[in-house]
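Take a look at the structure set out below.
Letters A, B, C and D name the chains as they come in the text, with residue numbers starting at 1 for each one.
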Amino acid sequence: MSVRVRLTEAPFDPWAEVAEAERARGAARAAHGAAAVFVGAMRDRNEGVAVESMFLEHYPGMTEREMARAAEAALVRWGAAEAVVVHRVGEVRPGEALVLVAVWSGHRAQAFEACREIMEAVKHRVPLWKRERRADGERWVERNTPGRMDPAGA
Amino acid sequence: MRVQVRYFASLRERMGREGLRLEVPEAERLTVAEVWRRASGEPELPPGTLCAVNMEYAAPEREVRDGDEVAFFPPVTGGAP
Amino acid sequence: MSVRVRLTEAPFDPWAEVAEAERARGAARAAHGAAAVFVGAMRDRNEGVAVESMFLEHYPGMTEREMARAAEAALVRWGAAEAVVVHRVGEVRPGEALVLVAVWSGHRAQAFEACREIMEAVKHRVPLWKRERRADGERWVERNTPGRMDPAGA
Amino acid sequence: MRVQVRYFASLRERMGREGLRLEVPEAERLTVAEVWRRASGEPELPPGTLCAVNMEYAAPEREVRDGDEVAFFPPVTGGAP
């Protein structure tokens, strides 16, 4: 089991990060054939209002620790092999990547579930707070978007 | 004993500072909720406020010790859409 | 709504493919900030037996059509914006990517659900058949692995 | 009328060919199941066999028309682990 977490103040390319992790895995690629990846980028609107930029505050030390703990717990619960979690902090502009969660596993169900579980922990347990700069002023984001939803027409 | 208090995000802004060092007589039994009262001057933890002791989530009833870092912050909103 | 599907007899780099699609999206990156991606690579073992290589047979025409149909249905059902689906056909070696499913959406729940639904369609509806070359001979793969599972200890 | 029959994967191997062209008198009513019987010489579709008419999944009761392509194949196993 392997977990790698990272915070970055600089913009990062999530797909290059995954490709690099994939290369580093080497022979494990043929053992753990399933990869589930989530990337969240900053949107240019929230609740219908244009957002110009965002500041992501964190709790140095605790933020990394909670990220690593969430990833380890998810790998153990779902029997998955490897996770990479990267989160942006500081000033972010619309379109830039905020978060990357990548999980490798022997089977797709494990990879999907572990990836999703880590994302929910990032939204609800990892100490990170968003302050938006919008056309109508600055404000702290106080509510999370839902992690589950019903299909259209349900 | 000494306790380091830290505030984050909207709570930090409301308190007007990043934290403070709290000094209390060694004999006293101190919970996280009591640290809040002494540090903030407010009787109750604001609803939804999260607490951590030494970077671990902790309940308000949790006892703190000399040298502990006690943090208070609003619900987290990391990740992406 | 945009769907792009592709079959390829040559090895492909799924992360380069996603990065390329991401670049092509341009301004949409800031509108649809959530991306869920699944990549399945060929494993070197199946049911405990070493697999040397695999032949992926398909039904030219129907395979692409079913891939596109599954992607469109999932985008509509979950209100997601964009999907890219790539599937390998022909001779494949362990460690090489077999399938890529990438979905972009405004919110993470939509992206996760649509991605997973497309993967299940690829496993169960899209006409593709695997013939494994193993140490103990050649054989057609006749059963799919489960797409859902319970967590450890459940 | 003419119907193009195609087999795939393990079914293609068992039948020993990729398919055949079936010719039947114009007046006859022909279902997918009947196409199977005439093409394969076997009375029943093997359990689990999937059928498609003109690259669309179809039930065995589905009627076929002149020029249709009728395909028979085993359960699909695409994707990855």
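Quick note on the criterion: a contact is a pair of C-beta atoms (placed from the backbone, for glycine too) under 8 Å apart; a residue touches a chain by one contact, two chains touch by 3 or more.
Given the structure is predicted, the values throughout are model-derived calculations rather than measurements.
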(message) Between B-C and A-B, which chain pair shares more contacting C-beta pairs?
(response) A-B
(message) Rounded to a whole Å, what is the gap between the Cα centroids of subunit B and subunit C?
(response) 47
(message) Using mean CA coordinates as chain centres, what's the gap between subunit A and subunit C in Å?
(response) 21
(request) Provide the C-alpha centroid distance between subunit C and subunit D, rounded to the nearest whole angstrom. (result) 27
(request) Pull out every residue in subunit A that's touching 2 or more other chains. (result) 33-34, 39-43, 98, 106-108, 119, 145
(message) Quick check: what residues of subunit D touch more than one other chain, meaning two or more?
(response) 79-81
(request) Treating touching as the only link between chains, describe the layout with one word: line, ring, star, complete or other. (result) other
(request) All pairs of touching chains, please: list them by chain label. (result) A-B, A-C, A-D, B-C, C-D
(request) Write out the stretch or stretches of subunit B touching subunit A in their complex. (result) 6, 8-10, 50, 52, 55-57, 71, 73-81
(request) Please name which positions on subunit A make contact with subunit B in the complex. (result) 39-43, 56-59, 61-62, 65, 87, 98-99, 119, 122-131, 140-145
(message) For the complex, give me every residue of subunit D touching subunit A.
(response) 79-81
(request) Give every residue of subunit C touching subunit B within the complex, in rising order. (result) 33-34, 106-108
(request) Could you pull out which subunit A residues touch subunit C in their complex? (result) 13, 15-16, 18-19, 22, 27, 29-45, 76-79, 94-95, 98, 106-113, 116, 119, 145-149, 151-153
